[in-house]
Amino acid sequence: MSDIRKIAVVITARPSYSRVKSVLTAIKKHPKLELQLVVAASALLDRYGSAVNYIANDGFDISARVFNVLEGENLTAAAKTTGIGILELSTVFDNLKPDVVVTVADRFETMATAIAATYMNIPLAHIQGGEVTGNIDEKVRHSITKLADYHFAASENARDRIVRLGENPDMVFNTGCPSIDLAHEITGKTELGFNPYEKYGGVGSQPDLSNGYIVVMQHPVTNEYQASRKQIEATLEAVRKLDKPALWFWPNVDAGADGTSGGIRAFREKHELENVHFFKNMKGDDFLELLYFSDCLIGNSSVGIRECSFLGVPVVNIGSRQNRRDRGANVIDVGYDENEITQAINTQLSKKDRLGSNVYGGGDAGEQIADLLETLPLVFHKTISY
Amino acid sequence: MSDIRKIAVVITARPSYSRVKSVLTAIKKHPKLELQLVVAASALLDRYGSAVNYIANDGFDISARVFNVLEGENLTAAAKTTGIGILELSTVFDNLKPDVVVTVADRFETMATAIAATYMNIPLAHIQGGEVTGNIDEKVRHSITKLADYHFAASENARDRIVRLGENPDMVFNTGCPSIDLAHEITGKTELGFNPYEKYGGVGSQPDLSNGYIVVMQHPVTNEYQASRKQIEATLEAVRKLDKPALWFWPNVDAGADGTSGGIRAFREKHELENVHFFKNMKGDDFLELLYFSDCLIGNSSVGIRECSFLGVPVVNIGSRQNRRDRGANVIDVGYDENEITQAINTQLSKKDRLGSNVYGGGDAGEQIADLLETLPLVFHKTISY
Amino acid sequence: MSDIRKIAVVITARPSYSRVKSVLTAIKKHPKLELQLVVAASALLDRYGSAVNYIANDGFDISARVFNVLEGENLTAAAKTTGIGILELSTVFDNLKPDVVVTVADRFETMATAIAATYMNIPLAHIQGGEVTGNIDEKVRHSITKLADYHFAASENARDRIVRLGENPDMVFNTGCPSIDLAHEITGKTELGFNPYEKYGGVGSQPDLSNGYIVVMQHPVTNEYQASRKQIEATLEAVRKLDKPALWFWPNVDAGADGTSGGIRAFREKHELENVHFFKNMKGDDFLELLYFSDCLIGNSSVGIRECSFLGVPVVNIGSRQNRRDRGANVIDVGYDENEITQAINTQLSKKDRLGSNVYGGGDAGEQIADLLETLPLVFHKTISY
Amino acid sequence: MSDIRKIAVVITARPSYSRVKSVLTAIKKHPKLELQLVVAASALLDRYGSAVNYIANDGFDISARVFNVLEGENLTAAAKTTGIGILELSTVFDNLKPDVVVTVADRFETMATAIAATYMNIPLAHIQGGEVTGNIDEKVRHSITKLADYHFAASENARDRIVRLGENPDMVFNTGCPSIDLAHEITGKTELGFNPYEKYGGVGSQPDLSNGYIVVMQHPVTNEYQASRKQIEATLEAVRKLDKPALWFWPNVDAGADGTSGGIRAFREKHELENVHFFKNMKGDDFLELLYFSDCLIGNSSVGIRECSFLGVPVVNIGSRQNRRDRGANVIDVGYDENEITQAINTQLSKKDRLGSNVYGGGDAGEQIADLLETLPLVFHKTISY
């Protein structure tokens, strides 16, 4: 037996990659760890931003690619995507024989990673457990916590919640969120270092950004996908009437993706959107840099709660997707209502000072996690603490 | 919209059926409920006792049959069985459109039911959550709790544990265990009402049962399947040397089934087992009656902890499978050791009085559950309570 | 036993639906047949034109929907899509219990229908076997012929070829192609009866159609998908420089779909296409009407070989996709070369007279097939004739 | 690019392994070929004789193991087993990147190999195509021929039939059957070189073999599985009344396996079978040796038609399973009728001379095939020859 531990990390979506990139880097350069990177689901697909290309460009070797997204505009397809994921990932783990499997966050298809590892008696580590949002993601997240053997929580509240869920406190760590590690690197910059139109193409107008701009990113909410289209229209109206350039990012895949995407497409055909440019995707560090120099982020992305907290970027957070997540003073919460959204944007744009927060850690989560993965005992057997 | 609620119950194994039969009966005769019975996995298979035949004989209509057991002598097959289960059950739920899905206990493949229902936004009820055993079943059980919307716990301890897991107390009920409902019906009998050899065939000797007998039922322990064969041999040796007829039941399917079964077959070819008769399976109520009039139950079946508690039947419980489950004074726990097993059997056989217990309820769980399924609000959205 | 035969027809793509619509109609109104319509694969998906909506609008009841398209830009996904199709369709057939299963043509995923029916001992009918094209479709088509029990060929050549493949001549019929049945209905019209821009939206310029127009439809060629983008660019260049309005239809799904679609998207961002309007899809009869009144069809769609033969519409057929198919005098074949394409279009536009042909039948294929489905003996057992 | 060709051979059952062992050996020792051995389906399973153990003992490295047998006593499970096989094998081929995939014969699950290779554009070679049997195997066999790029037929008749199926004659070779290669090695022996009871265990009586013995091997016939039990009983009765030791081999898996196996088990419990010993399996070369020194083979195994032809062993072939296969003068064909079977056995036992035949080749098929696999052009594109 070698004393190098093989750590399989499964990435299933573009945002998950950004979120754990610093963990991958820390594992890769750790002398006692070998990184086995598995890229799966929408992270492989063109129309969700091909995270796999960024991963390869960032210099990571990919040990296995798992295609498991079943196309369909309904919830059944989401269930089946998870079933196919289990079929495929169990083969991958059989081949790679990892010492630990790492799964990230709470997307429905991450359950496939958790089940395959659990049933194959491979110790399972979970990053970003213990958080609260109030939608289907939350069911999945806590359910994965009960399968996982090690827990790397992103905040002290999250850590406490995992312990209350009956997990052995010795296996639950507040490492901070690895996404903050990347945000931390941005804070040294003094101005936007690239031209987003040139570097990332995209479609729509190309408003001048030199007097400030906002960023928009709004995902469908899984449990309410039939309403997705209506919800996105409120945001579209509010942004359209704004006297400020807006850089808009397409949503990533979920059961309701086509509702939101369809709403945007239909709106574009009806209205001139002179102040809006659309991007399909952007490298994680460029995106953070774009946010850092923006005047406000609008939508329901977790980046608003998390990285923007650390960076102090003002955020208008729409709807229930980030409910009950720990957040800093940078966030204003609103409903799916054009007027509410408009007012909140104006409030944010009128603020003078920015205030960052360490609620999601101080920027060294990746290294903490890699060190723990080297030293934690290899176990896959546990019992509830009460 | 009709005001009849459609309740889909998924049965995946012979013991699960026995365990919830009274629930099925209560749903079936409830005027405001429609039973949609789904029979899946090993419950359909000959070599695990064809529970499906008993179910049909008991007068239940079967709404769908789901074949998802992938053959293989390894843990990967268990994972894949769950993946296939999700693929198939999501189609079934799409067709049946149940108002509530009910899943039972903690077998690895029950996770497929839980995931399919959750991802399809169908309210999920879980029977027998909140219990503690210390093996992979426990991971699965608590993980299902975090997906389920309604919880029908079998004991007060189990109910408390589910609430501590962050579930809304209004959705967590101590109904007692439905398996006790069947045991309750047996207690009126005064002698064994059938000849087990005639009624159930089986193989091996046919020792005279008129001066008492013991019953043996030992399942492989999922996380240690390579040791299954060694473990069963200790029991086989202890029983072989016993001066008492033994009625032995084959184990049901698990990743290690063939280890245990193989051990029994090999032992039979080497040794005469003059006092042992082997059964593949038995109707649930006959089995309980057989236990009720036996002198002792040996093995690791949960029936020893649960129904035998209520009935007061002495039990020698071997190994870790029932660890930390609530139990009555009828149980002696031992390791996988021939001497320990022998001594414990002798102790049990020398006892004079039987003492039953209500720790798992009083025999009306089925009706309580049916009534709750009619009246509980239909929800599939929840958040952790802390 | 009822004397009504249940006929399950599986539709997996938009063009397949158009192709067999007259068969569906004839089965539906046949007094001794019951239609069980199964809609699967890309026929269910928005980005391939949602054939399912047209099917429902045309008044057909849908017995089952099967989502089995696995997303991915590689050939592995095509294989897996077929595997998932078998898993799902076998469940569907188990539920529907058809007397005969009907599969259409030669798409890779139609093999799933053929295998599920064959292995379940359900008599299998195949429409449009025996044709020759020279790509992977041809392997699939003849392979399905060897699984099928009844053969409804579209031309005399195709019938002969099926018989030479060793099939029982009593089970092989030249019914003509059902797609001609729809074309037949169009021939009574005297002018285009709808405004395509108003009725179907689409994107791009809206050139005036009153002085004639061409239609373009070019699909990726499965076995060469990496070259798809280059191939489509030749057509795009030729059409762009043409002094004639062009109505362009997006390709349907194949392993290389994104190569072709991506090529079109990239071209549109670089070039003004003043004479081109793009449609995602169109009802089959409207599409035929549009073709009937067009000056020329360009691309590689089988509609050019088949319906346009009957209608006498001039066709420039590009590349190998329709190789060796029976065709009329209306077709000029060219390679993936801008100049060749341009010259052939000019030749076609300069012709004065149109000449139709009956090579693919006379317009009553649907009724012939329905009558055969009523009277053929129900068999699933066959042997090669030599 | 290396000039070593990687040849993936997929083995899905015990008899297929015996049949192509000489091909595997020849590929393995060929300097320009690399063997990638994939073991799948029932070849991995204990209750079908664990071919995988023999394979490993014979010194072959196994590149991948594919568990895809879905348990179930119906035809749907056979279809689904094939679907799962495609899902799994496409992943295997993606990892191994073979230059050629080799599939053997005609079992329903071999279609999974053929489809995965075809859809992934990997050249496909088929061993033992072109034969005629008249059951579902035949549909599958010819259907695979239409997907395969190279054909290694076992007899001249089979080769002719493949060419008539429209295959390019340059790609169709009569190499003889590789199973004859193994039979060829046995012919030097003068007496049975091992004690089958000692070497292979098994159950039942152990009659003295020194005055001759017969061998029995009867598989269920896929399309008639409900009748399997009745069919096996005729054979059981005939053999029971025979005044001759009988060595009986359990059937391998098919949709009806449990019908036949169940019939045998039930018969054994009712009757003493003093002259019968049952084996689960035997190494291929030992089995051939056992046959070579036996007085007669009874049942429906293809070994009776094929290897026994070459060896000149008398055969009573029961039922339709080997219909229309090329055969030598050593075979008497009978129906599922006790009297017919008994008479034919007596006729065979009374014969004095043995007459071998070269209808299935001369014993060098393995080497011929390996040489062809080195030199044939790598193509996956074909069209029918007429």
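Residue numbering begins at 1 within each chain, and the chains themselves are lettered A, B, C and D in the order written.
One rule holds in what follows: contacts are C-beta pairs under 8 Å (C-beta built on N, C-alpha and C of every residue); 3 or more make two chains touch, one makes a residue touch a chain.
Remember, it's a predicted structure, so these values are computed and weren't measured experimentally.
*Asks:* Let me check something: if the centre of a chain is the mean of its CA atoms, which chain is farthest from chain C?
*Replies:* B
*Asks:* Looking at chain pairs B-C and C-D, which one is connected by more C-beta pairs in contact?
*Replies:* If we tally the contacting C-beta pairs, C-D comes out ahead.
*Asks:* For the homomeric pair chain A and chain B, should the interface be classed as same or different, according to whether the shared residue numbers exceed half of all numbers used?
*Replies:* At the contact between chain A and chain B, which are copies of one sequence, the residues are largely the same (over half shared).
*Asks:* Report, in whole Å, the distance between the mean C-alpha point of chain C and the mean C-alpha point of chain D.
*Replies:* Computed value for the inter-centroid distance: 40 Å.
*Asks:* Please compute the C-alpha centroid of chain B, do the same for chain C, then give the distance between them in whole Å.
*Replies:* 53
*Asks:* Where in chain D do residues touch two or more other chains at once?
*Replies:* 76, 80, 84, 87, 91
*Asks:* Considering only the defined contacts, which chain C positions touch chain A in the complex?
*Replies:* Touch list, chain C to chain A: 44-46, 67-74, 76-77, 80, 84, 201, 203, 258, 262, 269.
*Asks:* Can you check the complex and tell me which residues of chain B touch chain A?
*Replies:* Contacts found on chain B: 75-76, 78-80, 82-87, 89-91, 93-94, 108, 111-112, 115-116, 118-121, 132-136, 138-140, 142-147, 161, 164-166, 223, 323-324, 380-384, 386.
*Asks:* Spell out the part of chain C that touches chain B in their complex, as residue ranges.
*Replies:* My answer: residues 84, 87-88, 91, 95.
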